[in-house]
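The block underneath contains the structure these notes are about, expressed in structure tokens.
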Amino acid sequence: MRELLEAVAAGDLSPTRAEAELRGYVTDDAGRFDAARERRRGIPEAILAEGKSPEQIAALASAALEATGRALVTRLPDEHASTVERALEDDHPEVALEARAGTLVATGPEYERPSLSATIGIVTAGTVDGPVAAEAQVVCEGAGAAVERIDDVGVAALDRILDQVERLRELDVLIVAAGREGALPTVVAGLVDTPVIGVPVSSGYGYGGDGAAALSGMLQSCTVLSVVNVDAGFVAGAQAVLIARAIETARTGEP
Amino acid sequence: MRELLEAVAAGDLSPTRAEAELRGYVTDDAGRFDAARERRRGIPEAILAEGKSPEQIAALASAALEATGRALVTRLPDEHASTVERALEDDHPEVALEARAGTLVATGPEYERPSLSATIGIVTAGTVDGPVAAEAQVVCEGAGAAVERIDDVGVAALDRILDQVERLRELDVLIVAAGREGALPTVVAGLVDTPVIGVPVSSGYGYGGDGAAALSGMLQSCTVLSVVNVDAGFVAGAQAVLIARAIETARTGEP
Amino acid sequence: MRELLEAVAAGDLSPTRAEAELRGYVTDDAGRFDAARERRRGIPEAILAEGKSPEQIAALASAALEATGRALVTRLPDEHASTVERALEDDHPEVALEARAGTLVATGPEYERPSLSATIGIVTAGTVDGPVAAEAQVVCEGAGAAVERIDDVGVAALDRILDQVERLRELDVLIVAAGREGALPTVVAGLVDTPVIGVPVSSGYGYGGDGAAALSGMLQSCTVLSVVNVDAGFVAGAQAVLIARAIETARTGEP
Amino acid sequence: MRELLEAVAAGDLSPTRAEAELRGYVTDDAGRFDAARERRRGIPEAILAEGKSPEQIAALASAALEATGRALVTRLPDEHASTVERALEDDHPEVALEARAGTLVATGPEYERPSLSATIGIVTAGTVDGPVAAEAQVVCEGAGAAVERIDDVGVAALDRILDQVERLRELDVLIVAAGREGALPTVVAGLVDTPVIGVPVSSGYGYGGDGAAALSGMLQSCTVLSVVNVDAGFVAGAQAVLIARAIETARTGEP
Amino acid sequence: MRELLEAVAAGDLSPTRAEAELRGYVTDDAGRFDAARERRRGIPEAILAEGKSPEQIAALASAALEATGRALVTRLPDEHASTVERALEDDHPEVALEARAGTLVATGPEYERPSLSATIGIVTAGTVDGPVAAEAQVVCEGAGAAVERIDDVGVAALDRILDQVERLRELDVLIVAAGREGALPTVVAGLVDTPVIGVPVSSGYGYGGDGAAALSGMLQSCTVLSVVNVDAGFVAGAQAVLIARAIETARTGEP
Amino acid sequence: MRELLEAVAAGDLSPTRAEAELRGYVTDDAGRFDAARERRRGIPEAILAEGKSPEQIAALASAALEATGRALVTRLPDEHASTVERALEDDHPEVALEARAGTLVATGPEYERPSLSATIGIVTAGTVDGPVAAEAQVVCEGAGAAVERIDDVGVAALDRILDQVERLRELDVLIVAAGREGALPTVVAGLVDTPVIGVPVSSGYGYGGDGAAALSGMLQSCTVLSVVNVDAGFVAGAQAVLIARAIETARTGEP
Amino acid sequence: MRELLEAVAAGDLSPTRAEAELRGYVTDDAGRFDAARERRRGIPEAILAEGKSPEQIAALASAALEATGRALVTRLPDEHASTVERALEDDHPEVALEARAGTLVATGPEYERPSLSATIGIVTAGTVDGPVAAEAQVVCEGAGAAVERIDDVGVAALDRILDQVERLRELDVLIVAAGREGALPTVVAGLVDTPVIGVPVSSGYGYGGDGAAALSGMLQSCTVLSVVNVDAGFVAGAQAVLIARAIETARTGEP
Amino acid sequence: MRELLEAVAAGDLSPTRAEAELRGYVTDDAGRFDAARERRRGIPEAILAEGKSPEQIAALASAALEATGRALVTRLPDEHASTVERALEDDHPEVALEARAGTLVATGPEYERPSLSATIGIVTAGTVDGPVAAEAQVVCEGAGAAVERIDDVGVAALDRILDQVERLRELDVLIVAAGREGALPTVVAGLVDTPVIGVPVSSGYGYGGDGAAALSGMLQSCTVLSVVNVDAGFVAGAQAVLIARAIETARTGEP
């Protein structure tokens, strides 16, 4: 701990980073950001934008950038995106906004991207599953994993997914996103021996719409599948990373 | 009408049959039985046993036998089955009870089974879908259709259903029964150009259990599918018969 | 296959059409369009606009036009309609936009409309069922079927539907759309021997509103009825076409 | 009040009846019985048997008999019926148990049945609606109304109800009980100008089963209908009685 | 019938009115308007604006005005109100728009308001119940009934409603509107012997919000109550009118 | 800690009690019993019988008796009651089983009942609320509070509760249990300034049955009310005790 | 009462205040305001803005200010805030608008803030719980209680809440607000012996979103917890005040 | 393939095993058993007993034993357990029935248990979670994994789980089962960096009972968690095995 305080004294470490190092999280008027957990797990801590004002979001993102060199904002509403983006760009060179997925990633100048050898596949049934898959992808890539996307392979035309069986089997973990009746994760999990995480997508109208049929179908699946909530791309990505890191550790012998 | 009354007078026609002929249905203390509709549509009128006492069921079945030469009882609870069976066997030689499907078919001595050239396929995902499929089958066979059963071809092991594509394509109408996530009708409808009727089955536990996930998944299906209620084997069978009869009429030029 | 490639080489066939011919679907950044299935089933493949950007919709529609000479867009939100319309009109002479039904049909110069002799009736209970019925109608007409509309015959004034019994009985398949308590398909199915497909419409407020009462009522119907999801005009139309085509094939002896 | 106490003193009035007269209700270990309200409204106060022990039921029924000369028990479970019946028969000559409706009516020797000139029609769609209709009937008859039953006129065969239009129009109030899709009250209310009270019945299985489709359909009805809860025969009967009494009062000029 | 046609020929009767007289309803591109039923029941036929365009609404209202001398539009969205109002004012002198209730009443020059001697009370728990009560009131007054409003008497402060008991008891029928926990109709029905119709109002947030708690509470009420759907002011009003008319008929001896 | 171990060594303290003293809870094959929490809060730790075998229940109850001198079992199914009772009576003199509430209280020979001066009122709407109220009462009395019961004061006859206003106002905390529409807690909370805890009871059938209407009505209440889950008499009692103890501490100046 | 009227006559008391004094509430076109209850309970009567027009809100707030010297408006929609604020500022010097919580407090010049010695803790899991906590805080402070806020202590990082155990134990009552899975109140209630009131917050998406998971989790909690509806900060605050006042009374010996 | 057939010919291989080898599954009247998948994934194929007769269960189990040397039956109802057990014991020496978990494992004489070095932790909140945890454990152990059980560590007494943090961190994968409010998986996932699979358990009554609150709470969790359906111990175990096997493969370099 003395080292840390000396680094602060020497100006090599900002007080924010030191606080993060010491207490595990940065406290701010807008909330707290858990820097220690990010360092420990390798998964970018997400700043969930829903229910926060653009100012709160930007403040938390700045705290994150200060503490870890990176900020990941998810569920950023279209109307707040540019406000947050501008607020961050003033201080930080690189900000990547993916509008359809509603995610924003900002990195500071000295940020070093981590790297994982384990591979994560992200599979979608159709075009509307794209934003949810993109949210998962941002998390996986943020943790350094290699991501392979296999898109538009919904079960209404089975040959599309059957064409991909070989590729699917080579990956270490699979995230499968599907809306409507959500049958794709079941079909994929029947074709591989890899852990599959199902992500229901809030498409569809009428009874079972907004992802309810997909969620219940994945929970009822007669194959082996674990599931996250409707549209929860972030959680699916983070769980895939935890599995990938466990594999990585086993492979390399170090965490 | 005079003919009818003369036949009654001559003892060639029972009053019950004459009433059915004249008014379209037989009235009884236990309810009414629509004999005219059965004759017109070719679908056996079902006596839904649920919520009726064994005596009411047997009375309605007797009226049906009297009026049309046949009776079909569905949803017959195990505890009432033998009571109803015995009550009918006293007067009628042939009674077939299918315990697991909860159906009972009784035919009188002069009953002539109808015949349809159109073929109906009944497909199930697993063992638990059997009773619902059996209820559909009784209806289809009661209307004279040839039924082909393709069982245990759930989507968790895709090759099972892929092995059957040729057979599926040769049939005129398909009924596909599945519980749990209920994805089989979607997959089948993607493989054929035939009308497919999905029947959700009340298997599964937890969220979406008792057929809810299957029903909502079939209603959300991204293929072309029409659906009946959970466990509604009778309705699926009857709708398949109506389609088969329309095909038959077109083929033979007569209704 | 050589023929196809020669046709491409000779410029008689666009690469997109050739791809469609060979692989069964056209792949594009915006998703995939299943041209082979459209040719096989005769049902226009729908491009579901919900959850897609106007650019994605127009790109998929162009791919469809290129591959099959026609594009059908459904659930097109009002705010995207004119953007998509204009994008298509640049290249394609005929674009028909039905604003209330949210459908758009575009056909290329050489498109030949198919023709089916089987007739499909589309029945509505009231004015609000119009858009859903219109979506079904576009599909049926797109497949070449003759459509007969019987409107505003809700069960609150029974003589309206009783006046139409003769017309109803002459049609090959019936689609019946109704919101609120959704009793019309039950009443119609009790009056005819034709297959009836019920379409719940998302009208009504309070308990059972947004089509829930209509859907559950149709699934509970004590007549023979198969059902599609709330507002699923497209699926109802497509299922009616599959039945009509089966009848057609039986009648003419050719698929 | 003095009169009352003198009557008690003179043994002409039991203390229980006096208490009922004075305080509006009889209190007992098993609960309270509102004798004053029964006298005022003319509707037998129901002792809801559900959730009470046979001893509690019999005690309340005795209190009712003591106070008003009559007791009406509803929702009496089969297994408690004979216990309650026997307990009452010891002291009271007339006990009528209607097993399927789960109601029990006991009257004391001096009980005078009230009489109302207004007529109440009770209409059912099918056999399974019988018990609920019977519960309503007991209440109406208990209040002295003339009840007309019109049974088995479900909408799947419209001519059944159309045959009854004249009878329906002659009645003062209508109670219409229906399960499954529950369309009958809507159809009846469209045929008459009388107030119609819809009673959903808990028949049917799958989605919308147990009366849910019927209840939501009646609440969504596009005719004029007021509704009571699923299987609430008692409430429907009592509301019909209140209307019938208002009519009676208007007709005779006295309450 | 000849009379009618002669009146048309003589220009004394518009063809629309004649059609209404002859067929029971006016048909128009925008739907049908049931003029005969309005004349028969005395309840203004409502034109439900939801799901219709302003042009469809105005067309139906014009047809109504033509046929019966009056038009009642309900659930008129704010954004369509002035369009419809202006369209009608061109031809018809008197148009009354009640913005908060979303109703619009237009009457032609020769319209004669009907009159009923029976009185209807409309009771509300709080300010938010106002629009629903107003919708009911428009219907009752349109049928000629005298309406008495008793407002802001929610059960959280019981003395408010207890102060009104005498007034409540003098009325012939009561409509009681309440949102949130919806206990007011239960309390009112316990205080009077008049028929009470409960109307749940879609206020409240969280679990049981939007009227669900109020609806279920009224259906579960331990008093005698019949109920209409959430916010269904029109239906409550119309049912009250049917009861009031039955009382009126009994009182005057003529319908 | 040494003291404790010496007491064990001296045989003055059983090892179970010592473990409870040291670790805060007793561990057993059947689960854990939190003796330290019981001592700290004064609320008897409940052994929830649901989902446990009679042997597990008796083992946990014995551990509780050993550690604190008392055991409270709740939700004890009828079929397990006598088994558990007998198992306990072997070792412990006093076992009180309240069959309808499903609770069982056993106390050891040296058990000293605690005492609280604060008073808790328990109010019920009707007979069926009795068991839930009894469960709450057992907890309150187990913590030493004086309990006052006010029963059968449902809102259908308001004078019953109005008669009790004075008594209600003298109590420190109120628990109000009601099923069906659950309006009683709202009415009570409007009459007093005391904290009121609402307990929905799982009575009622149809829509909103099993306590759903009562729960949602209490959560929607327009008075000040906090709520526990359906039938959660134990939690209501325990929360009332926590409030009573806070009042007690304030009054006496000691915890 | 004469005093009061003399004060009015002398101009020392406005008629509105006199009415409040005499009748318990102020009646106005916009509704009623219960001034007597506010005085009795010490809890500011809230004017719930939802479903009211800005004019109705301002009128009720003015009546409140007139009668009690203070007005508290809750759930004030953003778009009405400034209209109401301006309307009040014309007459009243102090208006505090807390935009994110949607509350507005206005006090007249002579208003004297009450004071309570009991302390209320308000705990939140994360940033999005802020507005609901703020609504509770306004009520507690309006009743004179000292409020301590403990924010951002969600259970995903347990050390945050464990760090606060000492502070939590020193407070008299706790309000704990949490969205998503809503586990914080359970964890807090396990750490203290104080009464805890859980407030579910409408955050989260997908299944269990909008506060449903939080509400059901708190109702299912295996600790002692009473609960208010989703986002019901006002009710939680008011219930905490009632408990705090009971404690205060016990401590000081006067109400 | 010739080898296989020769082995059959030589009697070294039963025809059933040969079929399993060749076609991937054994077909039987009672259904199909997927022997090839079991061999490939290492997870015992479960025979789900629900909805099957004891004879069907025993037949499938025999087929499994024949094909793979082992059978795992889950959800075996108490009343079928001994029938199935006896049927199997006739032919197979070792049958282990775990009554509370409803599982039955039978192994043939030559069966060799597989072995995995990765460790799986199974954590429960309370006694009622035991059977679900046991089902998961059977699967994990059946696949050869070392299982560590950490029981009775529910969040109502946080020190229980905090005491286990070190043990939790040493395991490779965690399964956490909890009913009621289901907060334990969230708390555990906040304490470790291992993949955590949440299993909701169907305990609890009232709103959110039967596992609904637990499921929705886990899906809403603000930590990283993937989830299986209510009571789905088998799926949780199997998913944990897939992850453990991926780790194993990485560690040993061979599948």
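Read from first to last, the chains carry the letters A, B, C, D, E, F, G and H; within each, the first residue is number 1.
Throughout what follows, contacts are C-beta pairs under 8 Å (C-beta built on N, C-alpha and C of every residue); 3 or more make two chains touch, one makes a residue touch a chain.
Only a predicted model underlies this, so the values are computations on that prediction, with no experimental measurement involved.
Both chain E and chain H are touched by F, G. Common neighbours of chain B and chain D under the contact definition above: C.
Farthest chain from chain A, judged by C-alpha centroids: D.
Two copies of one sequence, chain C and chain D, touch each other mainly through matching residues, since over half of the numbers at the interface are common to both. To overlay chain B on chain F by their CA atoms, one rotates by 180 degrees, a value rounded to a multiple of 5. Chain G has its Cα centroid 38 Å from the Cα centroid of chain E. Chain A and chain H have centres, each the mean of its CA atoms, that are 29 Å apart.
Annotation: 54 Å between the Cα-based centres of chain A and chain E. Counting only residues that touch two or more partner chains, chain B has 126, 157, 206-209, 212, 215, 219-221, 229, 232. Chain pairs that touch one another are A-B, A-C, A-G, A-H, B-C, B-D, B-H, C-D, C-E, D-E, D-F, E-F, E-G, F-G, F-H, G-H.
The residues of chain C lying in touch with chain A in their complex are 24-25, 27, 30-32, 34, 37, 50-53, 56, 200, 202, 211-212, 215, 229-232. Against chain D, the residues of chain C that register as touching in their complex are 125-126, 154-158, 162, 180-183, 186-187, 189-191, 204, 206-209, 212-223.
Those residues of chain B whose C-beta lies close enough to touch chain H in the complex are 100, 126-128, 151-152, 157, 159-160, 203, 205-209.
Across the interface of their complex, chain F is touched by residues 40-41, 43, 118, 172-173, 193-195, 197, 215, 219-221, 224-229, 232, 235-236, 238-239, 242-243, 245-248, 250-251 of chain G.
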